[in-house]
Amino acid sequence: MTLLVLLGISLSFAVVLAFLGDWKYAPEVNITGSAAACATSILLALQVYLHGPFTAGSNFFFVDAFNVYLTVLTAFVSMTTAIFSRRYMRVEREHGRVGHWRMRFYHAMYQLFIFAMLLALLTNNFGVLWISMELATLSTVLLVSLYRTPNAIEAAWKYFILCGVGIAQALFGTVLLYFAAERLLGVGGEALLWTNLSHISGQLEPTVLRLAFVFLMVGYGTKVGLVPLHNWLPDAHSEGPTPISAVLSGLLLNVALYALVRCKVLVDGSTGSHLAGRMLIGFGLLSIIVASFSLLRQKDIKRMFSYSSIENMGIATFAFGIGGPVATFGALLHMLVHSLTKSAIFFTVGHASQMHGTQEMERIRGLIKGSPVVGWAFILGTMALVGMPPFGLFASEFLILTATIKEAPFLAPIILLGLAVSFAAIFRRVQPMVTGVVPPWQKPLKAAHLPVILHMALVLLLGLYLPRFLSDWFHTTVELLK
Amino acid sequence: MPVSFAAQINSVMAALILLTAFGLLIQRRILGLLHLFAWQGLFLGISTAIVGYVTGVHHLFVSSILTLTLKVVLLPWILYALIRKLNIRKEIETLVNIPATMLIGIALVIFSYHLTAPITQLSSLVTRSTLAVALATVMLGLLMMVTRHHAVTQIIGFLALENGLFFAATSATYGMPMVVELGVALDLLIAAFIFGIFFFHINTTFDSLDVEQMAKLKEGD
Amino acid sequence: MIAYSLLIEAVQVLILLFAAPLFAGWVKTVKCRMQGRTYAGVFQPYRDIARLFSKEVILAENASWIFRITPYIVFGVTVIIGGIIPLISTDLPFAATADVIALVMLFAIIRFFTALAGMDIGTAFGGMGSSREMTIASLAEPAMLMAIFTVSLAGKSTSLTHMVQVMAQGELLLRPSLAFALLAFIMVHLTETGRVPVDNPSTHLELTMIHEAMILEYSGRHLALMEWASMMKLFIFSALGIALFCPWGIAPAEDFPGMLVAIVLLAAKLAVLGVILVLIETGLAKMRLFRLTEYLGSAFLLATLGMLSFFILE
Amino acid sequence: MTPFDIAMASLFLMLSPVILVPCCARYRSFAIHLSFSLTAAASLAAVIAGALAVQYGTITSAVVEMGLPDLPFHLRLDPLAGFFLCVIGLLSFFVSLYSIGYVKGFPAGRSVVRFVVFFALFITGMLLVVLADDAFFFLIAWELMAASSYFLVMFEDEKAENRRSAYLYLVIAHVGAIAILLSFGVMAGLANGFASFQGYTFAAMRATAYPVGWATAAFLLSFFGFAAKAGVIPLHVWLPEAHPVAPSNVSALMSGVMLKTSIYGIVRITFDFLKVFPWWWGGIVLVLGLVSAVLGVLYALMQHDLKRLLAYHSVENIGIILIGLGLAMIFTSFQLPALAALALIAALYHTLNHAMFKGLLFMGAGAVLHATHERNMEEMGGLIHRMPWTAVFFLVGCISIAALPPFNGFVSEWLTFQALLLSPALHRPILSLLIPLGAALLALTGALAAACFVKAFGVTFLGHWRGHHPIQKVQEVDATMRGGMLLAAAVCFFLGILPTHVITWMDILAERLVGGKLAASAGAYGWLWLTPIARERASYSGFNVFLGIAVVVVVAWLLLHARKADIRRVPIWDCGFEKLTPRMQYTATSFAMPIRRIFGFLFRIREETDVVPPVRHPAYPERLRYRLRVRDRFWYWLYQPVGEAAFFTARKIGNLQQGRIQVYLIYSFVTIIVLLVFLG
């Protein structure tokens, strides 16, 4: 019940906002909507915590340890982002970069996007999963091109085409999956339900599933932003409005990876080999290396951090590929903490670039002196991002790396290289931005501190103290994904 | 109508779809592309309907109707309207080395046959043999998107690719569950609107629909 | 018993204090003889020291306490060293204070403070002297330690008295390692005591001075202490060489007559050594500063050869 | 109240300023006093805890329910940890006192809060590194230490120099940390193949026996990591950059104790976890130690920035410590516990000593900086007249680090020499032949160090003032700073003359780690005589040396001053040369010139003189400017190529993202085909 309410909320708010549009208090409504969703999701989590996984809407939806935490995460980050976007978009509005219609559009699409992601997470049906992924893409395409600048349009176009094509492959994969399943479960909706498939995955036809996984891998992999399917990502994340970049980097990638992992479970179950795992490892490594080296030569601040998203997603994918209790645990934790950290960073980045009126890193200077909260949050967030303790990402990377050197020692040096390079690259850029004296062109700004502080606090907490229920969920998920 | 006969018709349709796919690959004039695309949609719809008729899976009729309305009427119409509006109907697109493209296309067909052969052995469906064609169509659509550098033609390629997927859905399995079918259709519709909007934006900002000029965002040098 | 050894200790220190100028005088005399110059007799150093003690101290205005305390420290350390190396008997209660390595480091203290004193006044010469002194020392010290290590490997100890005992008891056989080590030691000896070819104690030509440059500003009792200390240093180094390489005759514990013999022997050995020194000094010319690298390098090489031959041949 | 409780108490005390100071930031002076007295108290507590733990060999462990639920934070206080607690606590106590005066001297613009917070976190990090008992917590503490010190290095962040050094420092530290992490991964995996998280506890790692291949991997990884932190050549380049630019009290801590945490790490992993290893591990450590020692001191000689010089000396001393460790490892692998004990004690003793005198020296340098606002020795001179106390303390530091008796530096170097000379006991002729050569190199190091500190002290404190602004501005520093230095100096002295006590105190370390005891032989002849192996073998008595010299000096002085001895103050004679100006003194550069000439091939030297041609008189050029740049060769050998390679790769990889959508489509197209071909 809660589950349907949750989906209902975001969908209805999408509609409401579409009508409210550019009303003075639209941002507040937006916040309310996401807050309500967040609250409901926490209720949902509570139910799962108390009664374990369950399905709803006649097996159409279901929650288990795996997707519930991602759901809460999605709802939460969407809320904080909404809070952030209130200030941010107001400034954009004042700068006249967005107009009446676009604001309306922005808010509606924002909620629709959240709805799509929640649907993707909560649905039990692979077909619907696919649909909602596509929906998520479509709802953000026009947000990416919100500013109508040539670059924005180019980015959005690439995003649209590449993800469209990618996701189409995923559909083909789904068809094949259905093709394999229907022979066991009979024609009809039953054959695409995760709850059924996960039980009979052993009997699914390996040859078909192998073929299916290739397409699913490429399809959802495109959305995860795995190299070499990643090319849309830096453009889309850097050209859109910052709140959108935050949710894209922070949430959408997670959801896509979630889909991918679900599929992997089935394939592993049927083929019984470690094939899917090896594919994930390969893509993960490639992403880590390519992304970390690309980081070295970035000039645009948001672009740089979107590359780091690629890198981190690569790490998580790699970890899922490695498998085993520790690595998988690490991967789950990594998804959680990365999205918190990354969105926090995007918040600060958004303010920073508004203060300086540019995304050129060369022109952003003296943040700590200019606006201490933003500055410190930025540098601390960066430290967290590159995996310095005591922040959460360190915990996950610690687990992943140590597991790696046990499971696949010869890969450890590559990861080491990747991490080292990305660390050097990111810090090389961030340090001069936060330190030093305030440049003349820097303008003070009323920044939204709450979201940033909230996120950083959570990241720190997760680094120092991981709550028991979370780790229980992770452990059950680990069992699930074995 | 006996099953075998239906199967034959179905394979004829498959052949036609494949043919249109190749046609799309080498057609230069945009309007020609539109027509070919519409035809492909038609064949797709027909084959879906036949399968539905033969197997008595009734929601296939729905999806066939969906297909016909969307792919034969709506989308071509939207595209046509756009082309008119942006008056690019005359535009003749130069293609990269048609023979080469065709050879690659052939290779892809063979490849997809080789891939699907083992699977089709497993299936008991009358339509199973057409899976190869479906995959080939997907591939060809992709190939088309690679070789064309006009926004509209890329979109057409994309839609052709979608056709391939539909065909796969109906041929490999007797159609996906209804929800999925509808959802996919919905997505397709939204997509149609979005690229519609895009054509305007691209055209206004770059005053042409050539995607070649959208290569500003890149790394360094 | 302890009283006896303390007595020996005292005797030894006295010998050091009062025989050192004599030895210096002896060397000077022989040298003058060789170079056909007239000489003021072997007791001249005593007169010099006495004269200097009676003079008043002329001190530069900006001399700090470092400059004033240095002579005392130098003197003190030298005397301590004198109490450690066995001149006439191995029965020295104080000898255990420092083994050979510590001994070398004690010499380093002397150098350290002298160099500081050289820089204290802030003249160009002082600085030059200190800089050169420290440079040379840093090259000499490894060579010296290598030489000593060779001996101590042979003697299975770094404690001087024990080494002397071992060597003295051990029958006189020709050990190549020791021969190499001895050569190296002599070369270092010349360096450390600031003699030709490294430095010229009797020069006052500014640009060739090293040791003299550092103590240029000293006068009166300070200078006296410095001079006396450097004489003792010459004496000590010679004695050290003797103790290491031809300890025969140095009396073992509780052997009073043996000790008297030892004194005589020591005198004889020193006399011979003095002559050898003079021969070397007159035979060689002073080197350019940067030739010293090769000189000390070869000293180091010899010492190393000594050690290698110890491991390989013995 | 067990040592462990005291340690915990000290941790909480240490963290308290982090919360308190922001509250009372308004009252600057009060905040400073409060926070630093708190840290001082905490450090003292740490010292007590450590001392007791070593004294009674107590082992206490505890678990804090934090971190990952299945991997809570484990803490453990054993003698080894205790010893390092002592080292860290002792120096941070002195530095805390010193900081009261030093931080007061900050210009008003600087945020005291920021400094205090990171200062406290920094010390806490070091204490936790020593106390941590599982890999996860260890690394958290390790990186806490690194990060907070990074912010301290960057304290004056408006200077580009500081930013650059801090960046370099953090990168190298972090890369090292990842390497350490991987080595923990190896050990944890073998300790308990990731069935649960228990493999990460040090207890499990201790209990495991490692196959030699994996052990080697673990050792090499961790050694790389720790060497990067310790500034072992060739991983040292960050050190002479970062230490000088940090505030001096921080440099004191960084050089004095932060580097030691990596020594702790090496000892912990090698002797406590891996236990059994081939001799060549020790060989590697030994060789790197020798290289660091010699090159470190040579580079130090070339510096004219006082703090940079000291920083390079840290490289040298870390080298000396590693020599001891390497020997200990070699002896252990040849089952010679007694000798291993000697070497290990030598190394640890030098760790303690170096912490003391390097801390003292940096505090002295800080005092000079505080008084003259100058780090460049070429602008100093004659400070002994203006800052007599600082001069005395600094001199003590110089004597100690130059390894001159009777101060502490000598004792540990002497022990190292003894250990080196025991090589004949090894069953490998080649080793027993090569190791004494190491002794020769150590001797070279010692002599050069002496030269270097004659230069440092002489140029800074002696002679005439070379600076441009008048020397009258220069004032002696205040009581707290002097107090800190005084205590450090006193400790240096006592560690020098009472070595036997210290050795008997820390003997348990050797016993626990290498299974050999030293105290029995070392103290055999009472506290006065230090006889590491046997009296016949070698003996030293710092106390006697001190006493002897003192007595003779006093006697001589009394004799000479029996009758009134008058001293006449006159202008400098200087062989009768007149018009002597301060610029004519030997400078730091000219002092080191002979050595630069001799060892020139080790440096990258750029000398240029530009002459403004004669105008007034044909013989005399108008002006003659001489510029000298001595650079670290390793920068050009190691770091530049790596950086260039990285950027080259980046450029190549950047071409992937070349903008045309068709190309991107081809990527995914090809990906599908390839995957299908290989997997379909």
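We just call them A, B, C and D in the order they show up, numbering each chain from 1.
Assume a residue touches a chain if its C-beta (ideal position, glycine included) is under 8 Å from a C-beta of that chain, and two chains touch if they have at least 3 such contacts.
On a predicted model such as this, the values are computed, not experimentally measured, just so you know.
Colleague: Starting from the defined contact criterion, work out which chains touch subunit A and subunit B both, please.
Modeller: D
Colleague: Where's the contact count highest, between which chains?
Modeller: Summing C-beta contacts for every pairing gives the maximum at C-D.
Colleague: Suppose each chain is reduced to the average of its Cα coordinates; what separation in Å results between subunit C and subunit D?
Modeller: 36
Colleague: From the mean C-alpha coordinate of subunit A to that of subunit D, what's the distance rounded to whole Å?
Modeller: Subunit A and subunit D have C-alpha centres separated by 44 Å.
Colleague: In whole angstrom, what separates the CA-based centres of subunit B and subunit D?
Modeller: Centre separation, subunit B to subunit D: 70 Å.
Colleague: Suppose each chain is reduced to the average of its Cα coordinates; what separation in Å results between subunit A and subunit C?
Modeller: Each chain's C-alpha centroid was found; their separation is 78 Å.
Colleague: Which positions in subunit D are in touch with at least two other chains?
Modeller: If we look for residues of subunit D contacting two or more partner chains, we find 651, 654, 656-657, 661, 665, 672, 676, 680.
Colleague: Counting only residues that touch at least two other chains, what does the list for subunit A look like?
Modeller: Within subunit A, residues 157-158, 161, 165, 169, 211, 234, 294, 297 contact more than one other chain.
Colleague: Among the residues of subunit C, pick out those that touch two or more other chains and give their numbers.
Modeller: Not one residue in subunit C touches at least two other chains.
Colleague: Using the touch rule from the top of the page, what pairs of chains touch, sorted by label?
Modeller: A-B, A-D, B-D, C-D
Colleague: In the complex, go through subunit A and note every residue touching subunit D.
Modeller: 157-158, 161-162, 165-166, 169, 210-211, 213-215, 217-218, 222, 227-229, 231-232, 234, 275, 279, 290, 293-294, 296-297, 324-326, 368, 383, 386, 388-390, 394-395, 398-399, 401-406, 409, 412, 416, 419-421, 423-424, 427-428, 431-432, 435-437, 463-468, 471
Colleague: Looking at the complex, which residues from subunit B come into contact with subunit A?
Modeller: So the residues of subunit B touching subunit A come out as 57, 115, 118-119, 122-123, 135, 138, 142, 145, 151, 154, 158, 161-162, 164-165, 168-169, 172-174, 176-180, 183-184, 186-187, 190-191, 194-195, 197-198, 201-202, 205-206, 211, 214-217, 219-220.
Colleague: Which stretch or stretches of subunit A touch subunit B in the complex?
Modeller: Residues 125, 127-128, 130-131, 134-135, 138, 141-142, 145, 148-151, 153-158, 160-161, 164-165, 168-169, 171-172, 174-176, 178-179, 182-183, 187-189, 191-192, 205, 207-208, 211, 234-235, 238-239, 294, 297 of subunit A touch subunit B in their complex.
Colleague: For the complex, give me every residue of subunit D touching subunit A.
Modeller: 66-70, 135-136, 139-140, 142-144, 146-147, 154, 157-158, 163, 166-167, 170-171, 174-175, 178-179, 181-182, 184-186, 188-189, 193-197, 200, 217, 646-647, 649-651, 653-654, 656-657, 661, 664-665, 667-668, 671-672, 675-676, 679-680
Colleague: Provide the residue numbers of subunit C that touch subunit D in the complex, in ascending order.
Modeller: 53, 56-62, 64-66, 69, 72-73, 75-77, 79-80, 83, 94, 96-99, 101-102, 104-106, 108-109, 111-112, 115-116, 118-128, 130-132, 134-135, 137-142, 145-146, 149, 152-153, 156-159, 162, 206, 216-217, 221, 225, 289-290, 293, 300, 303-304, 307-308, 311
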